[in-house]
């Protein structure tokens, strides 16, 4: 299949042509993934921290359940939310199915366990003296925990990066809950899936390269942020 | 949609009936994911370690590229390997397309950057004295690095768990490279996708629950392993 | 200032049990005891970091309740320099600023106090240095400065002279003797049996988790109440 | 045993420069110097953990090449007890066994040597204890035992008496004096200026990264060659 | 205003809708949101009321859908045809035949590899129908149930040098990527009618009845018919309108 070489060319063309439709899907992908990862961080970082520093009966079981949630297939998340958001479902009234909001919800569900787990791992590996040192310097419990977070920032950053990679690369949720509607919920991954199913392999791969390029830019940005 | 409730019932029935076909897909999923995660660990753990302890020009850029690879969509991995393995491709001679081997290769590609990155994050957060302490006690460089690995085992375990979750939950690679052939390359996720496309939502979700159950068992196993 | 009553505190197989101990304001106490006697454990208890299994701790006349919300204002008056102190990643200055920031001290004042504290430990010019680039003794001095800059009412020092060179030890001893005059109470855990007479502090002796009743230092403490 | 020639070693703004230093077999050296003088840096160099930017290190008559493969056999003859030692997670026994395992010592012999080393630091019965459940002094004693159990030819101790109680210090000093008779060379970094005469060791003085030439101790060393 | 249309992947992928929809969108100042999914799922979306209109090709299922009261106002829009694809070697020796049922029987008799969609799609339903007529119960090593989209199944059949049933449009799209050639075509039994159905507004009040009705009318109007019959892919006509 000569399409491996072709796709590189097509990718360059696509980027240079600055095609309106490509721009639109790039934007939709970025927008939904960013919203989802921010929400996932807001949910996952505190959960991971809490699981990391507190000790209670059933904690290990809870952690195992959280680990299991990482094996949640996108299609299953899609099905679950579909059941809720569809017109027949309990939240059907709001007509959220096939909107970016539905995608964001699904992707958040997907990324939160990942973020929580990795923050937990970072906290588990951290120096045990951090919290007590902060407390004896007069910090409140919250301030001490925030200091802990700063000390394990590499781990937290890794958590966010892995989560972001997960949501921007996923296709099941975007497909089921977004519906791959041209000009509104078509993301780069659903577009790739569509092109592939049309037999436009080179074009699909080219879109994949564009996606990787976008992810690279995001990661370079996060990298700069981290170095400051 | 009443299917949320139905699916639970169907899941229980499926498990109790111990259906041969369900057993087969569970086995294919487990088998390919396990092989893939073992390979990904063999590749990813050393890479992550190496990136974590060595210092050279361009290291940060390499890390950013590795971060970017986590945003590799499954469809893109599928397309890439498809181009290599198909009859027209350079490795077409071996006829590996639509075999479990092809799936394992794709899933390994998918999980390796995740494992490498998370091991890297764990090493970055580790105490800097570990290697030197081991060296001065007479360890070889390799033995010192192995000791480092033991000290950050929580992080390494998290890396493997996240990677496993990623491959057992992914559908794109299994679909494109395995082909979802009944009785041979049908995994739980491709089966779920198929049932969903048929409109058999309850059955799809039930399979999803079975998948989560399997993942839970695996995680309980890993958990026991970790506590020893 | 602080009173302990019928305290029991378990750590693994070890138990710290103190029937009665009274520490008074503006005094300097030296805590002696062999390795594993429970000195650090006692200091962590006094720093309100380790809750006892049993017994009462009375701080400034009020019974201490071990709930986070109530502990915080008390902890702001107490600071512990740990035996092997942890510096937060970042610069020396950031470490010293931490305690001031959580007390909402205006930043110009912060700057002043940080400079003064660094002078006290003879580390002028180190403020921008990353904590990763410090020698062993420098680490301990930064941690000491980080405690001193807070001007706590109760200062707990766990072997503050370990790793310090002779000049630093003398300077620290001089400083420590002067602090009680400013109303600060100080408890120093120390192995250096030569040190305490020089410092003129009252001696508290710990042995296997118990106060040594026959020791003159403790008697003096017990008698005063 | 070890000879340093024209060494330059940079750490941030600090440079350790040593024109010449000769350490002989079966001798005990005491390294004195203020905080930040470069004692730990020198010990890490001698432990072959920090390569110099410039200069030569001659160990047992042979020039040291800074390649991992060649360093390893030499490192097995040298052990450094760091200023703030890190214990590996696990039990005390696992920590002591580490160095023996990498030397492929049979496990019954390991057991014997571990028990003997723990006795030396007065920690009998601690072998199954998790390192997380140790007091500050106990941590240092375990690290000391972990170095002693290896019976290295060159033993480098960075402030080994910090955090030790008086009894432990005496015992350690007695031990250290006896080791050179068994052909071991020892270098101790220490602030305790009282200690060295008692130990009878030769004194090496460091000041801001340089050897203090006028010191009798160093002269003695330089003269002997 | 948005009108939601659930349709099969093959329709969307052929590119017909991209030509057919814009005139309607302009005339009515609306946008038709196309959700391309499998036939089964498209019907399910209709049952749920998550879309306003569905356009599929599985007559028996469509009738069931209407009979159950989920849809109203079914119209025949167009048809295309299925073809049986086979490898260049043609091991079953069916090339050039116009009798689909006989060809299927020969494939089964010779145990030549056959790749089935296996996904209850319109194409799969038709394949099962053909097996039934040929009095064959397909099973065994030679019969691969892939459970995937049409394009992927063509690729797979090509890789495995086997036969498969495909709609002509998808085959044209994948022609360059496979060695498969058309073995059987032109049989009346291979015709594939598309129907369009409005979701029953009595079941789902939010269905945009007005717009949906206009859309149905448009699809069977003369201008739409011209567009459908005039649509070419690789120079070939793909869709025909019912007389």
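For reference, chains read A, B, C, D and E in written order, and residue numbers begin at 1 within each chain.
Methods note: a residue touches a chain if its C-beta (ideal position, glycine included) is under 8 Å from a C-beta of that chain, and two chains touch if they have at least 3 such contacts.
Keep in mind that what you see is a predicted model, and the values were worked out from it rather than measured.
Undergrad: Just to be sure I understand: going only through chains that touch, what's the smallest number of steps from chain B to chain E?
TA: When the steps are counted carefully, the minimum from chain B to chain E is 1.
Undergrad: Looking at the contacts, which chains touch chain C and chain D alike?
TA: none
Undergrad: So which chain is the furthest away from chain A, centre to centre on CA atoms?
TA: Centre of mass proxy via C-alpha means gives D as farthest from chain A.
Undergrad: At what distance in angstrom does the C-alpha mean of chain D lie from that of chain A?
TA: 50
Undergrad: For chain A versus chain E, what separation do you get between their C-alpha means, in angstrom?
TA: Comparing mean C-alpha positions, chain E is 35 Å from chain A.
Undergrad: Starting from the mean Cα coordinates of chain A and chain B, work out the distance between those two points in Å.
TA: 17
Undergrad: Let me have the rounded angstrom distance from the C-alpha centre of chain C over to the C-alpha centre of chain E, please.
TA: Each chain reduced to its C-alpha mean, chain C and chain E end up 80 Å apart.
Undergrad: Taking each residue of chain C in turn, which ones touch at least two of the other chains?
TA: Expected reply: no residues.
Undergrad: Mark out which residues of chain B touch at least two other chains, giving numbers and ranges.
TA: Only 1, 86, 127, 176, 196, 201 qualify.
Undergrad: Please set out, as single numbers or ranges, the residues of chain E touching at least two other chains.
TA: 48, 152, in rising order.
Undergrad: Which chains touch which?
TA: Pairs flagged as touching, ordered by label: A-B, A-C, A-E, B-D, B-E, C-D.
Undergrad: Help me check something: in the complex, which residues belonging to chain A touch chain E?
TA: Within the complex, chain A touches chain E at residues 1, 86-88, 92, 95, 97-98, 179-184, 194, 196-199, 201.
Undergrad: Quick check: in the complex, which residue numbers of chain C touch chain A?
TA: 44, 47, 49, 68, 72, 75-76, 78-80, 82, 85-86, 88-89, 98-99, 102-103, 146-147, 150
Undergrad: In their complex, what parts of chain E are in touch with chain B?
TA: 37-38, 40-44, 48, 118-121, 144-148, 152, 155-156, 158-160, 179
Undergrad: Note which residues of chain A are touching chain C in the complex, please.
TA: Residues of chain A touching chain C: 127, 129-130, 132-141, 143, 147, 150-151.
Undergrad: If you look only at chain E, which of its residues touch chain A in the complex?
TA: 4, 9, 12-13, 31, 33-36, 48-50, 149, 151-152, 170, 173-174, 176-177, 204, 206
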